[in-house]
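Some structures are shown below for you to check.
The two complexes that follow have chain A in common; it is paired with chain B in the first and with chain C in the second.
Up next is the complex of A and B:
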């Protein structure tokens, strides 16, 4: 009964595949528009290390061949698409000869853990506050206090990060200053490691939460206000329903729907958006990987990270699309 | 026994610009089992008075004085929780449910149950199921409706669900706020009958809020006429209809256009203006035009030619879904036909070049249903008038533009000094719609397409706006296509009427024949369903919903067109 119609599923699957394909193509084209030659950068790096390089022309040609940028563009493209499908993004030029996929595999879990957790916390807090801001039965004091808390939203994440570090790490010493886990623990599924990860992750997560909950709160407030004006809310009151029940079942339940789509879009953007947070906390996630890759003009890594960001966005939108018919019955018929 | 006793009720709305007295010193009693109609224009206080009984005034409204006693209880003295418990169980509210009154993400039965549970928390699941099924059955809905979501129901079905909700706890008083104004005339008759039946069954008093004198005459026992927050007349409905005392009541009754009744239009000028079309070429023509959306055929192939040499008004009437608005959007070139061609002065609208397209837009203007959505809220209303005037090259100077705007306002009966330079939200719906007509006049088109131009404005203003539109033809020689569901106004303003049913022409010809003496069964059904403001006439031949559904199904299979004669300059084939 509450099943997803087949036509709808097919539709969304095609969208998913097309999105990924087009994005992968763009990622391939854009760096090729740049006048920078990665082989020359690699050579420059060698030269910087050794003072000078003999036979530089030959080495350059060899570097180009090993990077695969000597072949005709169409061959490069076909090879690239084939590789991307199996998550092979080549070899990092900055941390030569580590494969890009290995770098990503190392960084991704950290980011997923930290970012998704903080996104979920922000989503819940932000939407709850937004809903209470709009509700006409919220105590006056809370309705004044919530907008005041929005001040934090206007702080850039680096500043809020530094502030948190100063208060909780430097002054109070409740949490460690930087890193993703302590130097004194071995990675593994034991309590000391997990505890270390949690204590290292708290400040970065918190710095993301306090600067982003306002986005959700303000969005939710706007949605709640328009839902409040709907005839069905007025009728719910005329039916003598309890105010809290109306708030949850009639107002929040309807107002939250567009926020869920926004949530899916945010998943991918998070990695890109939180580059600086990972950087200042020296947190070994995708953001830091991307930041370092940009500094080093490490094209394979930039490509790989961009691809993963797009893949995550497309997948999360796809998943939300699949969930949507279950939370909004109107979609079932539209399909 | 008196169910509701309102004594000297006053309701104020404190606003930044001072206190608005929405209701002043209103006293009224309603007896058990009686139906009373609250009639008046928007802003007359009819809904505000009714909502005060439930303490559901929109902010910042408040009761400034008086008493409301419902079944012996002083409603204004109740605590918030006591008031909540009285809603639905003592007084229930039936909104205009066809639109958006049901929670889109909850099943119908859940929305019936939550009302019961809020008052009787210990009700068992089986009991809830039994009661919701009974309630749905009492309003003529099948049991499977309970498991559906609102978007799966038609407008009439949603309205029935709202009625079912209103009677689940057998209240003493039911307030029905324009329950049928969004329904078409055929459905309206059945829904109104259902409401009367369930109300009589539970013996509740009923307040019916509305603005349609005909609907009131056929539905209520007593009538309360409100104007500017005051009760100007209250009494037996027959006495008020036959011998109204207050001049405002007389106005309300006489402003209702009736089929076969007196015309509300000004007499035609002795010398009719020349039309604006080119001689020899039809102004607008359909050549086998049809429109298909997915697997629904909205309009079956249709051909007509309208010449512009003698200005005329052609009405297109039918229920919602009959294809009349589809015709309008095809004529305006907003939609491309699935087959056939739409021609404007011999040129295909779909393949026009830019210059021809600009000329087409200049010469074909439109008036739409919603006078709120037609203005950009960001600009003063002048912008809506001035911008196309300049764009189409009519403007020679600022003073001339200003003069043209003022003349157009005067022509539709608006005072330019009060209207121009204001923002859309500062004007009433009627004023806005007349401004749109004024704009059409300023742009001097050859053809005007008016899609339900008066269905969202107050009854008393309808005839004025239609008079303005009619003047475009009579004084300015503009031909008009008038799309409407209201047969009475079509009867008066048009020279030719096309009745559409499911995208087919059912009957067509001059209005005196088609609407005055209908021959096609569908036209007859539409006319039967009109509520007349005449109690003795009754509400058509009594039919059940099943009979009408069967009638419509028969018509859908046996498609015939009854042609009732021609007028010069318009051919339909």
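Up next is the complex of A and C:
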């Protein structure tokens, strides 16, 4: 494989940096549009705890200084951007002395694990099904049955999650209802912990898979139908190439390209959907962290989690964009 | 007299021909009709329900708590009654009244947000495609950037700062995140259409820019616009429901997402109160399936090659 063209790389890199910058800026601006002064809230909490606070003016000024909100806005902004680049989001107000970054570091592996696993499964199942749906030699029954089943894949994962949870956890009790591992196992690399993680992760992963593979299958089917009419496929058939060879080398290879673009656009929705699945399953990932932070009005955590999830999305899109020229030689040649 | 004039068609033949023509119309494909019927069903539930059902029952404590739908029994052995045909929730609200008010609210947020988003998208897309140069670059980069930011996360920050929002405000907030795909789509179409023969023809014959935009180009864009619109309705509703399930969104107006949120928090899944979380989930599923079918139907309108399956 040759290298990625420089102009293309530069273009994608600018988009990545701008995305991160705009997201970070939005997250910073929004709380500042609110008329509420965080220092006054903190003082209010103190007053509620102690009954009354003497020399409140001084304390207010001190609180403002410690939160860094006494500096001019532009200084605050520069400081904030600097901090965000090293993942410093301050200290959680709900679980007080813990830095937000430590909370996120705990939650992130769970989210990433669940995401990567369910993504790989859906991508393979979906694209394979879609390709076979459009293939001439697929049995008629499968061609009718698959699109009919696919209708149910338009619902968001949170709804399928509720349904799976009710059937398999509440009614049949095959899988645990909530959590990411059992209360009776110690985290570690032993068999009982891994088994517990797998049994807790099955339903969340499944609820994402059953609602996302349809997107791939439908898109793939449409693309395959478009590709089928192309002259080079007709030529390959006329040459007498094996149907299986035509399917893999001529049709899927060409039809998969726009699918990868579509995937890059879909990543954001997928990650947001997973956050909600984690929330209903009380799965130890970013979703639960976010939900708990909303309940506790823990702004540093809300900002940190939102930023990290947006960063994850932007990075995944960037990686997909980088892989694209390796699959599609035309982009390499253009530059 | 060489030829006898063609014999006039009989009534039956005319009817057949009319039927054939009707089904030839790509806008009348079964997917589109089914999808639209499902969506209209939700709207009808909202309209007819308001006329026939006592909506005062939506208030907390207006009925007994956790009553099952007719024909079922809850864990306390209470059977469903006619007073609450589809049961009540954990706070004594009638589920039917909740659904009659909540389902159209959820649909309203989706439609309103996408309508605003589409308008922004059409304006920006045409501007980018027509003006070109710096303007085009700015709009293109901006929509590329904004399309990767998941609306849910930014809106979580907004709503956790500002607290309660109204349905309209929530739609406006969501609209800020659904203009990107229409913008990109329209820009791409405009760029390719600009070179098309009929547009060149119109330009050569001295048509004004607005004439070319609205009379020559826009009609060709309509299937794409509808498709894009439906897609953003779906995104908007998913985002709205997501916010509601996280406990944000409108706090005082019943919505399907908020009902699900309350059901999960009250442990409705373990207590087997399936009607509490299940009915809103079902209505949302109907809504999404309806939207998907409409979208597939529109795909067939704009891409005739898909029609053969």
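Remarks
Definition applied: the second predicted complex is superposed on the first by the 269 of 335 C-alpha atoms of A that agree within 3 Å, B and C clash if a C-alpha of one lies under 4 Å from a C-alpha of the other, contacts with A are read in each partner's own complex, and residues count from 1 in each chain.
The definition used in the following text is that contacts are C-beta pairs under 8 Å (C-beta built on N, C-alpha and C of every residue); 3 or more make two chains touch, one makes a residue touch a chain.
The structure presented is a predicted model; accordingly, all values stated were derived computationally and were not measured.
In the superposition on chain A, contact of A:234 is made with chain B only, not with chain C.
Look at A:327: by the touch rule set out above, it reaches chain B but stays clear of chain C.
Contact with neither chain B nor chain C is seen for A:46 once the two complexes are overlaid on the shared chain. Comparing chain B with chain C, the partner in contact with more residues of chain A is C. Shared-chain residue A:250: touches chain B; no touch with chain C. Touch criterion met: A:226 reaches chain C, while chain B stays clear of it. In the superposition on chain A, contact is made by A:302 with chain C only, not with chain B. After overlaying the two complexes on the shared chain, residue contacts for A:242 are found with chain B alone; chain C is out of touch. Shared interface residues of chain A (contacting chain B in one complex, chain C in the other): none.
The part of chain A that touches chain B in the complex is made up of residues 136, 230-232, 234-242, 245, 249-250, 253-254, 327-330, 333. Across the interface of their complex, chain C is touched by residues 14-15, 18-19, 22-23, 26-27, 30-31, 33-34, 36, 134, 143, 147, 151-152, 154-156, 158-159, 162-163, 165-166, 169-171, 177, 218, 221-222, 225-226, 229, 265, 267-269, 271-273, 275-276, 279-280, 290-291, 294-295, 297, 299, 302-303, 305-306, 309-310, 313-314, 317 of chain A.
Per the touch definition, chain C reaches chain A in the complex via residues 141, 144-154, 156-158, 160-162, 181, 234-235, 238-239, 241-242, 245-248, 260, 264, 269-270, 272, 274, 277-278, 281, 284-285, 288-289, 291-293, 296, 299, 303, 305-306, 308-309. Residues of chain B that touch chain A in their complex: 54, 56, 59, 84-89, 92-93, 95-97, 99-106, 114-115, 118-119, 149, 151-152, 162, 165.
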